[in-house]
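By written order: A, B, C and D. Residues from 1 in each chain.
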Amino acid sequence: MEEAAATIRVEVREGALSIEPVRLEEPGRDGAAVVFHGIVRGQENGARIEAIEYECHVAMARVQLERIARRIARAHALSELVVLHRIGVVPVGETSLYLCAVSPHRPSAFAAAQELIEELKRDVPIWKHARGAHGIRER
Amino acid sequence: MEEAAATIRVEVREGALSIEPVRLEEPGRDGAAVVFHGIVRGQENGARIEAIEYECHVAMARVQLERIARRIARAHALSELVVLHRIGVVPVGETSLYLCAVSPHRPSAFAAAQELIEELKRDVPIWKHARGAHGIRER
Amino acid sequence: MEVVFLLWAQIRIAAGRDRIRMTVPAGATVSSAVDRLYAEHPSLERFRTTVRVAVGNEYATPDRILEPDEEISLIPPVQGG
Amino acid sequence: MEVVFLLWAQIRIAAGRDRIRMTVPAGATVSSAVDRLYAEHPSLERFRTTVRVAVGNEYATPDRILEPDEEISLIPPVQGG
């Protein structure tokens, strides 16, 4: 069973993320689920902010993220991998990046989650713009 | 704010875990939440099983786990740390260990989660007994 | 033939627009088109050392041959997550 | 004075019970009490190299002095998570 391709869900879009509780597709196979929430902080370069606006080359971001997810799921023999990136305006305290890696084994789930974030932060065309208390922003 | 002591919740007990969605106590402070589910697999040493029965020195386990959690929360400047270990009979596919580490920063949340699991697996007095399809077990 | 440069983040802001159409010789490579862009828009030259170049949805090598109307993105360091 | 050994997992199963009361001299150390346990219950001796010893809720060093009625746990390699 561990050789089968992983179930992968990748989304890059505006609006609150559709985060579901971890539910295993095949109970008995998997021993570990690692979930990550990347959350918008209230400070950016020392200044108080109210939100981050994420600019995104959406078509390219989806292609790149999908490829990264597929490569990492295979490399770590994951069973399931969900990656959701919210774009547009994301208020402070809300999740901009959600990730869930399910695997038979714990180390691979942790390694996959961390690698995926590293690669996302290197290759997926998304940029941040801080939004201050008075809606001041750079464009 | 990052100097304040973390909010810590540690539980070791029978019955399904009281897992709540990640909710931040202080929005704006935290940028990362790492959640881990350790799940009972359907195989143990190559044989099909139906459940794991976790034996536990409960009083000692609570003391040890609480101390590990406190040390790790401090070492990684976490904001919140939840560790729930289910004991007694845990059916295949259900969560035996739940962990949530909330931090201003991503690397510390990941490091804390993984370190906590390592230390738990070294020092917290809990033992596994496989339960087969016919309820056969070793005691 | 015509190609389209898509500008993102600080490059978009510096240029004051999100795309620049440009005429290049048929068979032009990514690097020759990019050189021409910087020559025609010298204020963008300062981004040269930090941007990566994509064609369509894929990062592209400098010797990649362009087709008519392809979209060339100048990708400043990304900040997702 | 009396102390109580608590037996866990494979040691409990091997002994067929979960505790053994034992009389030790006042001021006995953990290591002297454990030595006496193995002397009186040689079938448990084989666990000696893998168990860790706790008193109450804390792991204990061999030279730890015991108090009356303290609980000494023989902790085989743990398997939580």
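Basically, a residue touches a chain if its C-beta (ideal position, glycine included) is under 8 Å from a C-beta of that chain, and two chains touch if they have at least 3 such contacts.
Keep in mind the model is a prediction, meaning the values are calculated, not measured.
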| item | value |
| --- | --- |
| Reaching subunit D from subunit B through chains that touch each other, fewest steps | 1 |
| Distance between the centres, which are taken as Cα means, of subunit C and subunit A, whole angstrom | 27 |
| Centre-of-Cα separation between subunit B and subunit A, whole angstrom | 23 |
| Centroid distance [mean C-alpha coordinates] between subunit D and subunit C, Å | 73 |
| Mean-CA-position distance for subunit D and subunit A (Å) | 49 |
| Residue list for subunit C, restricted to those that touch at least two other chains | 81 |
| For subunit A, residues that touch 2 or more chains besides their own | 38, 106, 117 |
| Overall pattern in which the protein chains touch one another (line/ring/star/complete/other) | line |
| In contact (per the touch rule at the top): chain pairs | A-B, A-C, B-D |
| Subunit B residues within the subunit A interface of the complex | 19, 21-22, 24, 27-43, 92-93, 104, 106, 109-110, 113-114, 117 |
| Subunit A-touching residues of subunit C, taken from the complex the two chains share | 6, 8-10, 12-13, 54, 56-59, 73, 75-76, 78-81 |
| Residues on subunit A engaged by subunit C in the complex (per definition of touch) | 38, 54-57, 59-64, 85, 96-97, 117, 120-129, 138-139 |
